[in-house]
Amino acid sequence: MDAKERVARRVAREIKPGTLVNLGIGLPSLVANYVPASLGVFFQAENGVIGLGARPPEGMEDRHLTDAGGGFVTAVPGAAAIDSAMSFGLIRGGHLDMTVLGGLQVDERGHLANWKVPGKMVPGMGGAMDLVTGAARVIVAMQHAAKGQSKIVPRCTLPVTALRRVDLIVTDLAVIEPSEDGLLLKERAPGVTIAEIVDATEAILIVPDSVPEMDLAGGKP
Amino acid sequence: MDAKERVARRVAREIKPGTLVNLGIGLPSLVANYVPASLGVFFQAENGVIGLGARPPEGMEDRHLTDAGGGFVTAVPGAAAIDSAMSFGLIRGGHLDMTVLGGLQVDERGHLANWKVPGKMVPGMGGAMDLVTGAARVIVAMQHAAKGQSKIVPRCTLPVTALRRVDLIVTDLAVIEPSEDGLLLKERAPGVTIAEIVDATEAILIVPDSVPEMDLAGGKP
Amino acid sequence: MKGALKPEAAAELIGEGASLLVGGFMAVGSPERLIDAIVARGTKNLTIIANDTAMPGRGIGKLISAGLVRHVIASHIGLNPETQAKMIAGELTCELVPQGTLVERIRAGGVGLGGVLTQTGLGTEVEQGKPTIELGGKRWLIEAPITADFALLGAWQADYVGNLNYMLTAQNFNPIMALAGQTVIAEPESIVPVGVIAPDAVRTPGVLVDHLLIRAS
Amino acid sequence: MKGALKPEAAAELIGEGASLLVGGFMAVGSPERLIDAIVARGTKNLTIIANDTAMPGRGIGKLISAGLVRHVIASHIGLNPETQAKMIAGELTCELVPQGTLVERIRAGGVGLGGVLTQTGLGTEVEQGKPTIELGGKRWLIEAPITADFALLGAWQADYVGNLNYMLTAQNFNPIMALAGQTVIAEPESIVPVGVIAPDAVRTPGVLVDHLLIRAS
């Protein structure tokens, strides 16, 4: 099981039956693979569909049905097509139960930076600021470090995406819960020690007596 | 031709081809009778239809299709059903080319009062304030006087509907155009003299040298 | 969507003093069976937010006649003489709101906006006591968002996951109110299998709907 | 609705320096033939307001590649490296707006509201230079309405009076932009007789549409 699969499987455990969930492009989009259909979850693509499905069969792609990354998708039975105002009305109005987003940095305040690297990458925030501000629950799914640098930092050096404290960080090494007191280490990846996590984390972690291993079974069926 | 028909026929002359028009309940709703179908006008009922048609054939009324007064209507070919947010978005956003409303008073500033008689009639403003504020053109269609009292007054004594100066007043006696300088007498009803109009009007009227008779042929075909 | 409820069970969810957004325009598009169940249960001190209070014997008019309503927020009450009589008698209070402002305030509440900036009502009684702001060289009235404990909707079709559509002018406030109720209960005229309402025909996504009323027997 | 225009005739309506709302999300739902006609005509100094600038060779990307765009208002330009390169080279300027704020600003412009009160962007670079207001115990960013000289829409069907509907995610910004263009030009995939699009299937009423693009030959 590679690092990304581990993260996706663990995030899938957070998804509750019958909820509305938005998955960011990249790593977060893999989460859908581990959510059983029996859960009755609807995935939203913010470009305008509730009930996003898997990739279409080869040769059956429709250019009127894509996800927020522009890739061909399908729609599940019971899907609804919506315009951008309704789509972000759902997000901003608190109707979206969960969003799973990638991250460049998360800091000890729980602030996420994921939209800009000044001077290097200025793609625009797309829907990220609305998602982090409005979703009932925000989960950051990312690699613990990039190019040897911890992505969990004392204070974001990159521009933040919102003032809102994210609810959970899931990485290939650990599950961390930002709280009023700081970053609480909740779980570790199988075979990874607390010391290894602390060592790989630039931010201060609050380490409780017991840190269980992640459950990687995927979404609860 | 009774007084109401005279007003309705004259207002119909104001309606331009291919426009979107909202007619208030009561006298204003009669205007539709004098607008030829060839004009391609769409009538809006603010409760949610663009393309309001005449009364349905007996026994074919549908309880899902009524006008803003709650009466059964039809929809013309090319009609669109819209929700209240879109309906008032069209009104407030300047997409409504004309509204024709009844009036209790209009004053020398061109301010309309048509929603409340304190202590007597407190029905609520419904869509009137939005219509007067937002429509591209506002025409007041009413009797010149009620119970012997002029409805065209120096200053509204009843609560006004909006700060916006209405564009035209059409009564059974006269056509009057509110302007920055005051109320300009534009036309008189057939057989009615200027003196009679001035006499029946509590407000000061600006009377030009020539005041032609109203054209009561109805909408231009 | 949690499933279909009998009208009595739906009415039981609604406690005394609850605030209810109720769809419909002069009772067209109002959830009549749900309203009947509330009347039967006699839930008092309700706040009703709706375009109007219909007329005696129809839609919201039945709640008014039964004396269950303490406060009304509406654009028009003129066609229900009982509402006016009870207001004059001090049995209920009434906030009158321009219709376009009302729907936009409900939308703002539903989509997480802080208020509505409109020119409707400026210089009239509607402005009294409200903040205004100068933006873009114009003055705007700031109107507050509206949400409620419940949204009670009348719909045309629902499918098994709660997707709704509406019929002609029975649509009116319903799809906007679906956004702004803490709990959303929809009374459709028919309930159809998933797929019968095509994605582009859905006007209210099922994710907004908590309960459907079971089919009329 | 004034009738159907050839793409060249539609492009001629658009003068140098015009502002264009362009529907589409990564070119899905964008009016491609209309864009091709603008590129062929070479109308310069355009301001483009859209969710994104697509990618080279598709949708708005073709306007960018042709060097016709002076200013972009968008939520995302990351998948079009030419937009970023031209921005760095100083050939165009770019205002980045959160996607939900962008669509709501366009809606506000289209429906006559004075601005948008949102929490999105508070405490970020997006807040800089903008007014905020305290309402209901929370702080809100005041974002300005957006309108433009033209709205260029991609639609699925149009009928002879200009009523439009859309297909799945090709809908996106199109119905909102239809409200906010001084002149609205729609490029439907097919044009059908009046009545083929039922009243409840209309997403953009024809009264908002000034011109249709004639059918593709």
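Here the chain labels run A, B, C and D in written order, and each chain numbers its own residues starting at 1.
In this section, a contact is a pair of C-beta atoms (placed from the backbone, for glycine too) under 8 Å apart; a residue touches a chain by one contact, two chains touch by 3 or more.
Worth saying up front: this structure is predicted, and the values here are computed from it rather than measured.
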>> Starting from the defined contact criterion, work out which chains touch chain A and chain D both, please.
In response: C
> By label order, what chains touch chain B and chain D together?
Replying inline: C
> If you tally the C-beta contacts for A-C and for B-C, which one comes out higher?
Replying inline: B-C
>> Taking the mean of the C-alpha atoms as each chain's centre, how many Å separate chain A from chain C?
In response: 35
> Using CA atom averages as chain centres, what separation in Å is found between chain B and chain C?
Replying inline: 29
> From the C-alpha centre of chain C to that of chain D, how far is it in Å?
Replying inline: 32
> Distance-wise, how many Å sit between the C-alpha centres of chain A and chain B, to the nearest whole number?
Replying inline: 55
> Which chain A residues touch at least two other chains?
Replying inline: 49, 75, 81-82, 85, 88, 92, 134
> Can you list the chain C residues in contact with two or more other chains?
Replying inline: 104, 107, 111-113, 118-119, 166-168, 171, 199-200
>> Which category does the touching pattern between chains fall into here: line, ring, star, complete, or other?
In response: other
> Can you list every touching chain pair?
Replying inline: A-C, A-D, B-C, B-D, C-D
> Within the complex, which stretch of chain B touches chain C?
Replying inline: 45-49, 62-70, 75, 81-85, 87-88, 91-92, 116, 121-130, 133-134, 159-163
> Mind pulling up the chain C residues that touch chain D in the complex?
Replying inline: 104, 108, 111-119, 131, 133, 135-136, 138, 140, 142, 144-145, 165-168, 171, 199-201
>> Considering only the defined contacts, which chain A positions touch chain C in the complex?
In response: 18, 20, 40, 42, 49-51, 75, 77-82, 85-86, 88-90, 92-95, 134
> What residues of chain C sit close enough to touch chain A in their complex?
Replying inline: 1-2, 107, 110-113, 159-161, 163, 179, 194-195, 199-200, 202, 205-208
> Taking the complex as given, what residues does chain C use to touch chain B?
Replying inline: 25-29, 51-52, 55, 74-79, 84, 87, 96, 98-101, 103-104, 107, 118-126, 156, 166-176, 203
